Structure formats: C-alpha cells, structure tokens
C-alpha cells in the first residue's frame, strides 16, 4: 500500500460552541489534484488553517506522508514539506518581489539567522528567487516593491512564495480570486506546469478552471464532508444539487 | 552600503571635533548627551521601527545597567571596567526574563506589559532604599580612566560616546539589511506568513528584544559614567517616553531618524531647562503635535517633502527654453 | 489578628479604588481598542478638582458628582476631537494619550503645586468604627461598599440594559453592531465619557485615603495596567478580580516587605501571562 500524501481523520474545530469543521476525513494520494468545493462558510479555509497549523483542532489527526502534524507549530509543518497560499493576499508590502521570494526561500535555511551580511549580496539566492519569479512570469518586476505592482501580479507572487518552499503538498486558497480573464488563463497555465509529484489541494470558485484541473473533489457543507469522488461522481450525485440549490 | 554611511561619518566626525571648535565644556558635554541618547534611541528603533513592537518601558534597560554599574563600582567594590561588563551582562539576563514575559503579547498588550515592567523596576529603585539609595540614588560613580584614556576629561569622554555611537550605527545599519533584519520586518508586516514559510516568529522577536536591550544597556553604562550619578528618574515613564519621542520624531524604521530625534530631544530639553521649567508639559505638547502634524517623523517627512517639491517644481519646459535661448 | 483584619479591609478599599480606575480603562480598551494612558492622569485630576471644590465650600458629595461629570466631559472632548481620528493606529494613540497624560499632570503641578494635600472625608464618615479589637476608619468601609456598588451598577448596565447590549455587541464585532443599527460613534463617545468619569470619581473617592500629590498618576496607572493585564482587557469581571488581587498583593506587600512591594507585583503578572496570555477573563486579542 502506497503512503498517502495527506491523510485527515476525524478532524473537528469548534469556535465557542459552533462547529466550523466537524469530523472531516480525507485521503489524498501523492501527486493528486484535489478540489475542495462548498458554499461560503462550508469550512474550506478553516480546514486549510487547521492543516497548516494556524489553528489548533478540537479533535482529529492530520498526517503528511505518515508524519502526524497536529501539535506541531506551522514552521515545523512547513519543514515537513507543506506550503500554502492565502485567499487574502499575505505579502511583504514594503519589500521588492525578489526579496519577498528570498524571504520565503530563506525560511527553512540556517542562514536566516545571519545578521551581518547584506541580504542582497547573496547572489546565489537572488538567482534562485529569479528562477521562481520566472516560473510565475514576474521576473521583469523583480526589483519593484509589492506596493508598485498590480493586483494580478500579487496573486501570482502569492503562489511564488509557496513554490519557493519546494513543497511536497501545496494548499492553494482561491488562487484566481479577483483576477481578470487573461490573468486567470495565466494562472491556470502556471498551475498546469507544476511538477506532477507535487500534491495540490485547491479551493476555487471558478468551476471551469477548478473542474478542469482537479481529479478528485470533496464537497463540504456546514463543516462536514458531504461526498468525495471523481468529477463525474460529484456531478451525478443529487446531494451536490441540494447543497448548491438549497433544495 | 559604504556610500550610504558617508553622511553618518561626516556627522559623527563633526561631533567628535566639537572640542576643537569650542573650549566650552558645555557644548562638549551636550554633544556627549546627544551621542548617548542616540545609542538608546537606535536600540528602541529596533523594536518600534523594525519589529513593530511599541515598547513604553525602554528606560528599564539603561536604568538597570546604570544602577548595576553604579552599585558594583561603589558599594560592590569592583573596578569600573569590570563593573561595566557585569552590568551589561546582568542587564541582558534580566532582559531575557522580561522578554519572555513581554513577548507573550503583541500590540497594545505589549505596550502595557513593557510599561508595567519598567514601572516595577522603577518602584524597586525608588523603594528599596537600602540597596538603591531610594530617591537619592547612587552618587560618586567612578568613571574608568587610565593614563592612555583619561575619561575624566570631557573631550575624551565625548570620543568614547561618539565611538560607541559609530559602532551602534555600523552594527544596526548592517543588521537592518541582513537576512535577519529583513526577516524581522517580515514578522512585523506578516507574522502569519513568516511562520508559514518556516520562520520562528517568537525567536526572531526575542532576538530583536535582546539586541535592543544590549544597546539600551550600553546607553545606561555611558549615562552612569557621564553623570556619575543614577536615580530612579531615569526609569520614570517620562524617560521611556523621551526615547520613544526620539524614535518617532526622527522617523521610526530609519537609521538617521533616531540620531536626529535624539539631537532634537536633548537640545529641546536643555533649552527648556534654561528658559522654562515645564519640560513635562513641553514633552506632552510635542507628543500631541507630532501625532497631529507629523505622524511619520522627520526623516520620512523630509523625503515626502522633497518628493512634493520635485513635483511642484515646473518640469523644465523643454520646448520653450531652447527657443528663447535660440532667440538670444 | 486585628492586624490581618484591618489590612484585609485596607486591601479591599484599595482594590475597590483600582476597580473604579481599571474598569473604565478596560471598557474603553475592549470597545475601542485604545489603551488610554491618560487614565491615571484623569484619576489624579479628579482628586485635585474634587479637593478644589471642597475647599471652595462645596460638600464632598456635590464635589464628587461634579468632578465625575467634569472629567467625563473632558474625556468626551478628547475622544471627539483627537482620538477619533486615530482609530486603528496603535502607536499614534499611545503617543497621544501619553502626551495628554503629561500635559494634564504638569497642569496639575502648575495649578496646585508640588506639596501633597489631604482631601478630608465627608464629616458623616469621619472617625472610626470598632469591631472587637479592630479599629477601622469609617470612610474606608464606605469606599469598600461604594466601589462594590459601582461594580454592581456597571454590571447591571452592561448585562441588563439596552445600552449594555449595544456595548457587548460592539465589543464582539463593531462591523456587525453597526449593521444592526448601533451608532458606534455615539457609543464610543458615551463609553469614553463613562470610563473617564469613573476615573475622575475614583480620584475624588480615593483622595481621602491616598491623599493628593503630583505623582499620584504615575503610582496609579501602572497598577491599573497590571489589573487589566491580569484580568484581561475588555472584561468587567476581569477588572473586578484583577483589582482585588492587586489590591491585596500591594497592600500586604507594603506592610510585610515594604522594600519589595513593587517587585512582588511582578509575580501575579508573570504567573497569569504564562498560563493565559490574554488574561484571566480576556479574549485573545488579534
């Protein structure tokens, strides 16, 4: 039996008395493209926050390639090969795009504690950062600060910061939110070029892109898994219609 | 890097040369005071400007180290240099403990905890009369001084202060551009992202706290040697507020800001003590004025002003000018 | 035995005064996310104004009520004209309220001089009460009950009235409160007035016990901060419990280890922050 990339069992989170995520169980294979579907408030982003450690779960277990993540701080989970993007842009607004990526590159390296050498003198790391910016088509803007770039560029930088960590499992929270049609195509192409061995869990409301991208889909509603299955299974299931049409 | 440090070198050289221009001890000592204050302000700027941690109890670091060196070199019987080293070490130990407590919070919680911590030490200095001398403080603190470095002479002491200030500027200037410095500002702007890309946000903040404490301790040492006297007033709320004013007035997050702010506050305080006796009132009014008129401080304000002037200046109308010249 | 009983009563009286000071601070903090560092100065201003009114021939009760109104109005003016424009900006708010604290403190020093003054308790509360071998000033007993009454009144206001429901809604979520028709602007001013009026009233009530002197603000503000750190910002119950904890530790510290009375205040703070960084009754702040 091959090891699962991400295995979630009985995961629950309550805020006060209100369940935001209840008893979620998911099994995601290495290299899988998995889509989380569900209306607003279904608990998708809360699930991401639980996986990456921004929130402690009330109950349950999260395993990344067999390693238990619950109880580890976010940075240790990152060291295990997990990376994520945020639905609300979470960038370093006063730094250049290049330095944004360099900060992310440095996060898991011991030289982050250097306090004497100039950060920009690290030409090797600058080259690495450029290569990543190249992948998200931002290399031309490398020396602009984030505040000098357009929203669409920032969305791709958001992805670049996660890619800088060379993750084994990547969580993407609405990477297309607020983008124009052309920008969507650009991000879609970027997603298609990501190496097949990266496991990707995606939250996205753009169904054209999301359904084309994902192999398996989990439908969440009121914090619980309604159904997990292939595209066709989800589309055929009457519960999908119920959740979305409130029937 | 080197080019950016040039204006600092010029300013520091000018400060060191004050004794050459004037024999008056008053100006020499005033320059020493500016240098000492600037080192402290540079230290606080690590927290306020780069870590986004607004400390209202910074005076606790200079206070502790000044009291330690004063006690050790008078009642403790140590020679001034050993006392100084021990004082810095002792201050760092207490700072470590305080850091663990204060960094349980950020934002307003951090403001309140740092203020409370400083007040507790102030209260100890004030009340624990048998050790600290209470309100009278500890006087006759000896300056270190050997044949080669007669620190009892004001101009030599000034050079020590300016030299230390130069070290602080170089160390912090490099720190702010280093991976650590960039990461520190990262924890200020996006702590969540920072831990998501693998940084230990708490440890980065704690390191910044200790760095600020170290320069605070150095300030306290120079302060105790300069005045040869320590009293609880150096840990009063007004003292912490003065350092904060230097940072904010000069421009938090800039390297030159704390230096300019320190010069401004020290000069203002000295002028105020000559002309009016209401320093606390003036301090309060300055705070309110800064908040209302210049919330970003002098250095960034100057940058904005220059940008505004550049925009105002009529773009050198290229079509008109040559034609007129051609006519002539 | 008599020593312990009378010191316990002293601790309750100090705790009550601290509650009057800290509850206002905490309400303002919880609602507006503003740490009003002028709170100690307003407490001292209250003491001085009350004293001035008593000296001018007003009765103690009239003086106390008038002072509370005056200081509350001053608080409202500060909120309306200055603080309002700094919403959400921590450092400018800190600088502004600290600056105002200095201005108020120095204005008091200018007006009333540097010598400590005594505010006499009202004649009907002068003298002492005797229970067995404990002799205790009648006025301090009054302070214990008066502060408990203030606490009860505040609790009823917040938990049982419509205005209190608005405050609670806005503490939870200002945006949501606005959406259901609460005028946050009016509410903010009202709570700021209430909080500062309580500080002013606390100053007058505390005057006969603490006496009135120039660094009263610097003695009281840190204690109020400790109360709020212990109890949790924005919580009345926290302010209540925290105030009595600090009242007890400080009172007994001063008589048992006078040199280190301030230092032992450090201990409850460390203990609480270690276990619950948000304070005993507080919610985690962002």
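Odds and ends about this structure:
Should a chain be cited, it is by its letter among A, B and C, assigned in written order, with residues numbered from 1 in that chain.
Simple rule for what comes next: a residue touches a chain if its C-beta (ideal position, glycine included) is under 8 Å from a C-beta of that chain, and two chains touch if they have at least 3 such contacts.
Quantities reported herein were computed from a predicted structural model and do not represent experimental measurements.
Contact with subunit A and subunit C alike is made by B.
In terms of C-beta pairs in contact, B-C outnumbers the other of B-C and A-B.
Centroid analysis (C-alpha atoms only) places C farthest from subunit A. Centroids built from CA atoms put subunit C at 48 Å from subunit A. A separation of 32 Å divides the Cα centre of subunit B from that of subunit C. Mean C-alpha positions place subunit A and subunit B at a centre distance of 42 Å. Those residues of subunit B whose C-beta lies close enough to touch subunit A in the complex are 1, 174-175, 177-183, 185-186, 189-190, 192-200. Residue ranges on subunit C touching subunit B, taken from their complex, read 29, 33, 35, 37, 82, 86, 89-92, 94-96, 98-107, 109-110, 218, 221-222, 225-226, 228-229, 233, 258-263, 265-266, 269-270, 273-274, 277, 285-286. Across the interface of their complex, subunit B is touched by residues 52-54, 73-75, 78-79, 83-84, 86, 90-95, 99, 102-104, 106-108, 111-120, 122, 161, 164-165 of subunit A.
For subunit B in complex with subunit C, the touching residues are 48, 54, 56, 101, 104-105, 107-109, 111-113, 115-117, 119-120, 122-124, 126-131, 236-238, 241, 244, 248, 252, 278, 280-281, 283-288, 290-292, 295.
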